[in-house]
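Below are two complexes that have chain A in common, paired first with chain B and then with chain C.
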Partner chain A sequence: MVKRRRRKAFKAPTYEEVIERLEALGRVVVDQIMKGEKPYFEIPVRSLANTIWDSRRRILRLGSKKAIRDFFSINESKKFMQTVLMLSLMLRARRENDYPTIRDLYYTGKHTIEYVDHLGRKRTEETWYDQRESNAIIQDIEVMTGILREHMGIMHDAKGKIVGNVIIRSKGYRIDLSRLGSGAYAIPPNPDRLEILEVDAEYVLVVEKDAIFERLNEEEYWRREKCVLITGKGQPDRSTRRMVRRLSEEFGLPIYILTDCDSFGFYIYSVYRSGSISLSYESERLATPDAKFIGVAVTDIYEYKIPKNYIIKATERDLKRAKELLSYPWFSSKAWQKQLKLFLKRKEKIEIEALSGHGFKFLSHRYLPEKISTGKWIE
Partner chain B sequence: MSSVILRSDFKGLSPAEFFYRNREIAGFSNPVRALYQTIRELLENSLDATELYGILPTIEIDIKIDEEHSDRVIITVKDNGIGVPIEHVPYVFGSVFYGSKYDLKQSRGIFGLGIKMAVLYSQLTTGKPIFVRSSTPDSPIVHEEEIMIDISKNMPIIVSQRIFKKRRKEHGTEVRITIEGNWAMAKRRVEEYVRRTAMIAPYAEIRLRGPDLELEFKRSTRILPNPPRLGKPHPYGVDIELLKMLISDCDANMTLKEFLLKKFEGTGERTIATFLRWSKLNGNAKVKKLSIKDLDQLSKAMRGFSKWRRPRPIPLSPLGEKLLKEGVKKILKPEYISAVTRKASSYSGHPFIVEVAIAYGGEIPVVDKPILYRFANKIPLLYDEGVDVARKVVDSIDWGYYKVKFPAPLAVIVHICSTKIPFKGVGKEAVADVPEVEREIANAIKDCARRLRRHISYIEKIHEIKRRKITILKYLPEVTRALNEITGVSEKTIKEKLIAILEKDLKSRGEAKIGKEAKTKSV
Partner chain C sequence: MVKRRRRKAFKAPTYEEVIERLEALGRVVVDQIMKGEKPYFEIPVRSLANTIWDSRRRILRLGSKKAIRDFFSINESKKFMQTVLMLSLMLRARRENDYPTIRDLYYTGKHTIEYVDHLGRKRTEETWYDQRESNAIIQDIEVMTGILREHMGIMHDAKGKIVGNVIIRSKGYRIDLSRLGSGAYAIPPNPDRLEILEVDAEYVLVVEKDAIFERLNEEEYWRREKCVLITGKGQPDRSTRRMVRRLSEEFGLPIYILTDCDSFGFYIYSVYRSGSISLSYESERLATPDAKFIGVAVTDIYEYKIPKNYIIKATERDLKRAKELLSYPWFSSKAWQKQLKLFLKRKEKIEIEALSGHGFKFLSHRYLPEKISTGKWIE
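Then we have the complex of A and B:
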């Protein structure tokens, strides 16, 4: 068994460090209050306008724009309250060694404030009304502290799966990811808490769709091709992206992404590679700039002569999205411009399953090995 | 009610007979309107008999349904006015066109035509005489009469008369009249009319008692508006009838020059000389000898000459800003009020003054467009609001500019004083779109609205400060609890510090506002 050696060990902050950083944030505010100043937080802005394409590192990054969240300004007052409330909950979880989900945090922090309004009417208000509000506050605290919520021990509904010649250690247990039978290992919400001990693979194949993952796993494609197989089930969550990133960063494995041939598939590839707009502050830890798009490319439809009955007419939404992609700097390579322009011209898309038009084994026995061995990917 | 033209046009018909046949014109068209109109005539007479003579009005209106005839209403109005001398009573109540109708001063129309119409209407519908009990301040007697009108001769009939020795110091007039009327239908309008009268006359005490109604408007001030003084007509307002009237009082030797100088407003030696040169009329002609043709020429020239001085507002009696505010405050109970009395102006030779008040908030109902209260010579105008010039002006104003966002609790009060209100039509319920009047109303409203705007900004800021305080205090417990959990600093310490910061913040904002408010207090 050829073992790939780990290049560098990533160091996630320890829980002691997490507690320190969260406390420090609260301390800043209390210091302001003690000096008789109006307390405020300074929060990096998480919007498209403050998202920067870092062409050198080839990732999306958060810009330098910051917003002031002042308790004494009427429009920010509630968010200020929500921020300290969330901060106290996160800190409580760490101090008591609990692992709440983001939904737990939402419910724990949700309560009713009773007050009398300026016209003398009795009224009530919830600290937050839906989970989007509390999730946004969690993201604010992530950008302020520079710590990902996974590292703070906060769980979410993780959906990624991994299988292959990989041995990991989690909570002291050695787990061999090649001995799971027909199943696969569910990537935990915080993959940084597991140790990747050994990897015996030539590359990582990330597939968009769970069904394709199951099919390739069933025929043990990964064993035959000596690769690691991962799926994020559509738009990947943070832990799947983190896992892909670790395999690339720590073991220098080439990453190949396989998605449907449509605008949404292309965007999913870019999320693995460059990061997403809404979570651009996490790109430094989640993005894998070297990830390659293995297919299905627009040109494949014609080069592989996909039968007509597998070809779908692109919708208005597909075309609109493709036009947006065309303008993103992280799609500015010649190869991508060619693909997108062809897509907009032919207005045709296909699913990965369309490759079965040449037989069920076509994908695993010809398409993928051929593309990887001849280097016909897109970056 | 002016009737100069009608009189000459219907010669041969007794005036009483004429009005008897044309009672709709005077507002006696049906039992509802007639009841309203009768109460109106009596109340207005009572106000004129008091306030024009420096007496604080105390007026009682009593309405009863006749026990024997349920369609008859007995109206009694009692005042503390100057009374009617015994020898005048038959004519005041029983003969149409008695009274000095050509006095040029603002009044509601003291014992004018209206009361006689009421007497005629009573006679027509119930056959009953009018009952009068009156006494003048310096008279030792009180007298009571029952009067009817001989319609064909336009002469009073004294049905009965009694005279008493005055036992205590009293003066005033009590009139009781029985008419066919519909109280149930007229009630709301009467109530509104009395309410509005109380608004324009805050110095009056008015009690209204009806079968199912008891209203009392207390006197809220002892200040009376300055009574109008007698004025002379202005050349711009003359016609042949008026010239004839004025000439009939002159002696035989009066020349045209003297006539113009003495009998008119806005004339002077030099102006008259210019006028005579311009009109090529003979200033030395004896006015008594002028023919109808001469008079026609004269009146046309007087109206056409452009250099007369503007009429002075001597004959006008506006309420004044203070009294107007007092009245509006008393009736509408607003949170804010501003009022303005404009300087006198004139249209075609008639002096007029516009007064406006704007009331906002408080007990004023929230409505989609401003509530309008119209008054002409202190008479509330209840009908035909849609065609009134004041409604037109109010609707044309961009209230948003003055920070009023409808629906809003806003009322606009417009009072026009004039020796001749430019009414639209015979109903005398709507003022016509005379450009001069329209401009004055618009300027007055805008003036008030600017002050209202300052008030609203002030209120907005007060509310903003309040909201601010409430917002911070609302989140304070959660913030102190969380910060305590995070840092261990006690909740009490954090809370005290935050409250100190809040108080300092509110104080600095509040003071800035108070500085601005001082300027708006110029009202």
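Then we have the complex of A and C:
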């Protein structure tokens, strides 16, 4: 076996660079004030209307629309101040080498401003009432600086796990992801600070469900089939998606996504592949346009003769979701249109585990190897 | 620093022993039949009524009530057959070295029985309609054999993560949990197959929230404070609880539980410490009666002067839960009664992150070290 050569080395911005970029953003405002101008931020709009499907690059990305957040506009001044406040908290954390969570940032920034209104009454106002407000500001700063919160040392839940013939380096340690026994490597909130040194694998298998990941890991599917095994536990978080993207981009590994055969599973596949609407500004770093859907496909229900009593009736929500998917440009391939139409017609779904009807070994010894060797995936 | 010596070596049953125990259970039924007796299983009752608080051992455990599951009783015959079916699936998996998930077992066992009723009509019946049915049978087999499903090689979701100066061995690999960089070791579904070789730590810090775990890991709190860091991500799963228990039992490490200051957080602490009602038959292996609650305590809101706007109003559900906790014998200590009564009186809760109001470093550089060194925990 030939080890995969790295195609492209990835370098996350250093914390010095992060500090520089955050300071530069602050300096823009300072400069405006020093020149006697009205201070404002110019922020790429993160709304659905400014999300576009880039058919050449096959990802969802943010359009070019920008908004002005003006300190002297009544509607915008609070948000302007929130932006300055959050920027200062982020900078403080980086300068003092702290790793706050997004919730820590919410609390640290939360305080009460007392003021006297135009009728002389004492009033109070919170800097923010809800974490949604502070999270939105974090996202604004991400799009303005082009630096992900992960690069800024901001922490959040991390769901992903990975195993396989991969050697990474983190904080100076060389970690061999094939020597973790029954356990796995929990992907940290910022996988860009991991260096992927060596990969000795033929493909990456991304599994929707954690229990299936555990099973395939326990039986060392990844060793037998020479692959890297990853799970994002349902709807994947940013770290898992970033890890998948890096393995595709830096090592040219084919990526196969295994999900349940239902609208939610199809959607999860599309989030790995094309990005999500709510995080479209990050697709350029998180989406993996070459990812392939390996199943479970709607046609598999019939081709693999899934017993009738393993088939579940699709819910109204499933059908509504499937109709939406049908109209998305990133599901416009002939193969996907066929799957979705069949799903809507038969109104039937199954789970990955339904394949166990053919025996516990069926999934890992036949279904997956067969689909990969004969190229029966869907794009 | 002196490495912790192992007090007690733990040995999980080997797969040979598991097969023997499962076969022995089947043989009981065969013997009954061969002797011309009516076949039956004798199953410890897993209901709330048979759950008792063992005040000496300070855990919730199953009482001695047993039920007879009789093949020739109309009410019991289906469950009897389900038990034999599940037992055969578990045995097959072990004999063939497979690692099915509980959902795989549900599907593999699911089939339609066709029969003709007393009026000559063709009828059908499913072996089970719902995974709750098959899961209950798995639990029955666990209590009858005294072998946990994990020992039987049955897989399920695993949420836990661990880092620290701990060396484990799994599948022949020696894994150093202090050399994982920004990542962590994802605890496998069956931590009993891990051998804990060495521990060089003074205590175990169990964190409710994953994001806090990630933060403390990134800043290497565990290295600075010489501890083992674990998270079970909210309500802990069996594997995380088992891992905590093993560190307490085998290495005599003090265990500190850090949760939000609300009824859910207090309950999570009690699950680690005393066990849960629904899994009381496993408390003997999963509960850690010496675990201590390190916070966030209700009194901390006032002692640490948490700013007013960080305090959240307790919901009706919080208050109802707190009233229940007040009456549980495992919350009967003076210290806990004081906390719960204050909670009910003030109707105020806070999150761990609220401590960030005193700066990002407050939790890890002051709150935790101070509480541990001055013994300000709650039992």
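Methods note: the second predicted complex is superposed on the first by the 372 of 379 C-alpha atoms of A that agree within 3 Å, B and C clash if a C-alpha of one lies under 4 Å from a C-alpha of the other, contacts with A are read in each partner's own complex, and residues count from 1 in each chain.
In the analysis below, a contact is a pair of C-beta atoms (placed from the backbone, for glycine too) under 8 Å apart; a residue touches a chain by one contact, two chains touch by 3 or more.
Quick caveat: nothing in here was measured; it's all calculated off a predicted structure.
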*Please indicate which partner A:K171 is in contact with in the superposed arrangement: first for chain B, second for chain C, both, or neither.*
second
*asked:* After the superposition on A, what does A:H118 contact: first (chain B), second (chain C), both or neither?
replied: first
_Just to be sure I read the superposition right, which of the two partners does A:K78 touch: chain B = first, chain C = second, or both, or neither?_
first
*asked:* Can you tell me whether chain B or chain C touches more residues on chain A?
replied: C
*Now for A:E303: first (chain B), second (chain C), both, or neither, which partner does it touch?*
neither
_Output check: A:F360 vs chain B and chain C. Expected answer is one of first, second, both, neither. What do you get?_
second
_Going by the contact rule set out at the top, does A:E37 touch chain B (first), chain C (second), both, or neither?_
first
_Based on the A-chain superposition described above, do chain B and chain C contact any of the same residues on chain A, and if so which?_
92
_Per the contact definition, I'd like the list of chain B residues that touch chain A in the complex._
463, 466-468, 470-475, 477-479, 481-483, 485-487, 489, 494, 497-498, 500-502, 504-505
*For chain A, which residues are in contact with chain B within the complex?*
22-23, 25-27, 29-30, 33-34, 36-39, 71-72, 74, 77-78, 80-81, 84-85, 87-88, 91-92, 113, 115-118, 125, 127
*Using the touch definition up top, name the residues of chain C that touch chain A in the complex.*
92-93, 96-104, 106-108, 110-112, 126, 153, 155-158, 161, 168-173, 175, 179-190, 193-194, 209-212, 214-215, 217-219, 233, 307-310, 351, 353-354, 356-357, 359-361
